[in-house]
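In what comes next, subunit A is part of two complexes: it sits with subunit B in the first one and with subunit C in the second one.
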Partner chain A sequence: MSRPVVLEVRGLLKRYGGVTAVDGVDFTLHENEVLGVIGPNGSGKTTLVNLITGFVKPDRGKVLYRGKRISGLPPYRVALKGVARTFQMAKPFYQLPAYKNLVVPLSSPRVHALAGGSYGDRDAVAKDLLEEVGFERDSWVINKAAASLPHGYLKRLELARCMALRADLMLLDELFSGLSLAEVASMVPVIDKLRSRGKTIIMVEHRLRELFRIADRVLVLNFGQKIAEGTPGQVMDLPAVREAYLGSEAEVGDA
Partner chain B sequence: MFEATLIYGLVNSVILALVALGFNLTFGISGVANFAYGAFYVTAGFLTWSGLNQLGLPFGVAAALAVLITALMGALMYRYLLLRLRGLVVSEVIATFGVGLALLELFRYLGFIGFEYTLPVMIDASVDIAGVVVDAQRILIVVVGASLAALLWVFTRHTRTGRAFRAIAQDEHTALTLGINTDRVATISVAFGAGYGAIAAVVILPLGTISVGEGYNVLVNALAVCIVGGLGSTVGVIVASLLIGYAQMITATYVDTHWMMIVSLVAILIILLIKPSGLFGQQKELEERI
Partner chain C sequence: MSRRRERIDRGIKVRADDIYALTSWREMLYLAAPRVAPVLTLLVVGLAAGPYWQRVIMTTSMFALLAISWDVLAASGMVSLGQALFFGVGAYTSGMLNHYFGWSPLLTIPLAAVIGGAISTLLLLPVLRLRGLYFAMVTLIMPLIIERVIEATGIFGGTEGISGLASLPHRLVELLVAMVMVWVALFGLRRLMDSDYGLVLKGINDNDRSVMSAGINIYRRKAEALFIASSIAAFAGAFMTHAYMFVGMPVFAMDYSILPIASTVVGGVGTLAGPLLGAFILVPLSELLRGLGGLRIVIYATLLVVFIVGLPEGIFPYLKRKYTQFERWVEVEK
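Now for the complex of A and B:
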């Protein structure tokens, strides 16, 4: 692949007491690639996201973003470089209306600099972004406090927040979990659109069918170790993957 | 008598609100219960006194310096002590209480005891409101209290730092993913809280003397107002200040002034029994717990 390298993860290791949550993981991510990360519960997927975004400090190994080391930086510095993430359990600013949740990232110095030194009409941009992720424009939902939004909207809001920060690399931690089939179907085109705009995306997912349709490459974790990496087709045929999944996850049948 | 209770009750309520605002601001934003708050209040008083009487500074300069130094002390306490303890609530309380205890008892050790430690009133005059004589200092307290509350409201809604305050108050992790340096914001919030306490000290202390014991009283009053109002809620501070402020004044008028502090403690007890999250508190899980 001739596209520039966006993210390099080298020998990343994190121990919690006697448990090695992430055990020497390596991978490289190129610009505009969509990487899926799968694995059974407790295989280290979320810890990997936390390590890359600075929420957890690695015991060993390093993370390079566009050639510069970001492991060891605090999360807010990583975010300002253009690496955004979502949370598995949606974490909005509960008391703010949905669109005001986006005014916070839209007020970031990063957005200010990228927009050529102006914030523009932040409320309007926020509402545009919400519409893009599937909020009905001019409906009550965009003005409703995040605390009272239904789950599906909260997940959309998580994604919209990354978009508002104008992140180049987005780490989406189980964005589809808890969504209905119809909701997932409406989110897939949004991810596709982000890819067409040149974004690089890491998706941690349990919804394998949808993930395999979107992802260029899939990385499989088990007990913190990378046990496979390849195209969705290659990965699904590997016996180790079937074993890891069938060993602990009954849901693979309908995934 | 009734008019006097009405007016002095309002002044007393504003004093409580002024004292509680800083404590509440810090807690609401960073989740830190600053138990050194009363000590910071008294420190600001003694610093102003020293500036006036030992350095011969004009009142305005001495007061401004005292507020700045107190705010800086708050920032340093957060940066070098609390940052290492973040998330360990009991440790935070013990650490800040320890700092407060050390500060207050240091003043006692240095000999800051006696009736000569007073601050001058800013305007020596009084006015007649509905037949009740009210001195200018008390009117100034009401004006400063209202202005600080209004300033805080504008600040948290219309400035970038203020919005960052509200963001980390609601979800610190999400604020981090959006490039907000939450440690810095929390440091500023503790400094602001201490600074608010210092401003309260500079305008309220001229009514009495500066004493070590006042540090403990201020802490109890601030805690009472914040717990009754609901920790972190500005509306709660205002409502609880009025409730406790008038309850104290009525007690002082019809029972005895010595019972005023008891009112604050009883208020804490009652609210913890009936509605532990406070009148306007966000921690509703306290009530949902079985």
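Now for the complex of A and C:
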């Protein structure tokens, strides 16, 4: 691939007591690539996201973002470089109305710098972003306290937070989990749009059908180890993958 | 033409989402009254009262500052059980500046607010990472430690304290300064907490990981909020020092930590105006009950429980809700 390398993960290892949550994982991510990360429950996917974004410090190994080491930096410093994430458990700022939730990332020094030293009209930008991820504009929903938003909207809000930060690399931890088929179908074009804008994306997903359509490459974790990596087609056909993760063949047979 | 009842704020609510586009004096009055009336009432009562109650109002104002400060901290994700720390540090700072350098209280009080805020913030900086109860415990213990250090080493006048400090020029000046400070703190901090800056602070309280992942250094923001809140409380300490012309170990007493919390709970957490209202109920109430001797605490505590059980949301949110439900007769065309 001739595209520049965005992310390099080298020998990343994290132990929790006796459990090795992430066990010597290596991979490289190029600009504008969409990498899927799959694996059974507890295989270390979220820990991997935490390690890359600085929420967890690795016991061994390192992470380079555009050639510079980011492992060891606090989460906010990683985010300032343009690495944003969503959380598997979508937790909004409960007290704030939905659109005000985005005013927080829009108050980031990164946004300030990228916009040439001004924050602009944060409320207006927030409402635009919400529309982009599928909130109906001018509806009451955007003014509703985030505590009362339905799950599907919380997930959209999570994605909008990443977009508000104008991140270049986005790590989406099970963004589709708990969504209906229709909701996922309405989110997929948003991801496609981000890709067409040149974003690099890591998607942790259990929803293989949708993931395999979006991802350029898929990485499979099992017990913290990378057991396979390749295009969706290649990964799907590996016996080790079927055994470790997919279980029944029927599930991906028609993915 | 016929008439029907309509909520006064109906027209205002719809238009006032972003901009106040008021169409009548009546609407203007409706919005201004809840802000102007308390300010004027306190002023009139304060000027009309005798010296004893003037002193009560002054003391109450300082407790109100402590309570507002507590509320700002809580809204930013820091539960303080040690407002006495900020109060005491402000008190000693102002007392020392006056005692050793002979500076006027008009200078030492504002200086002590800033320096006291800075010292308090530095003292708590190492534990800013602790959340919830852990942070609270440290704030609870700190004033006790400082008290013991002063006792053991005899610094700053030791157990005797320092008396004979200068007071403000005049009783009325004292009273007016106290009142002005209360309103400035209330309206200023309310504006701050409603701004995008305050929004981020509330975000830290709600979900700090999400704020971190937005590239915002939450420890720095918390330190800033801590500095603002502790400066307000340090001001109260400095002010009281000169009102009593004395500073000593009692400034680190639990009262200064507990009463602000009680005021906030009674008035309404997270509203800023609530803590002020709470202080202006609880402190004078305590004075009124003074004649009752031993029963005072029992009655006081019972009333506190009645407030909390009867209006768990707090008095201020309750009043606010009732106020917006006022109705008036309007002419409607058939």
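The rule we apply is simple: the second predicted complex is superposed on the first by the 245 of 255 C-alpha atoms of A that agree within 3 Å, B and C clash if a C-alpha of one lies under 4 Å from a C-alpha of the other, contacts with A are read in each partner's own complex, and residues count from 1 in each chain.
The rule is simple: a contact is a pair of C-beta atoms (placed from the backbone, for glycine too) under 8 Å apart; a residue touches a chain by one contact, two chains touch by 3 or more.
Since the structure is predicted, the reported quantities are computational estimates derived from the model, not experimental observations.
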Subunit A as common anchor, with subunit B and subunit C clashing or fitting: clash
First (subunit B), second (subunit C), both or neither touched by A:110: both
Partner chain(s) touched by A:36 [first = subunit B, second = subunit C, both, neither]: neither
Partner chain(s) touched by A:55 [first = subunit B, second = subunit C, both, neither]: both
Contacts of A:85 with subunit B and subunit C, given as first, second, both or neither: both
Partner chain in contact with A:75 - subunit B first, subunit C second, else both or neither: both
Contacts of A:122 with subunit B and subunit C, given as first, second, both or neither: second
Overlapping contact positions on subunit A, where the subunit C interface meets the subunit B interface: 53, 55, 74-77, 79-80, 84-85, 87, 91-96, 103-105, 107-110, 161, 165
Subunit B partner contacts - residues on subunit A that touch it in the complex: 53, 55, 74-77, 79-80, 84-85, 87, 91-96, 103-105, 107-110, 161, 165
Residue numbers on subunit B that touch subunit A, as the complex places them: 160, 163, 166-167, 170-171, 173-183
Touch list for subunit A against partner subunit C, complex: 53, 55, 74-77, 79-80, 84-85, 87, 91-96, 100, 103-110, 119, 122, 161, 164-165
Subunit C - residues contacting subunit A, complex: 196-197, 199-200, 202-203, 206-207, 209-218
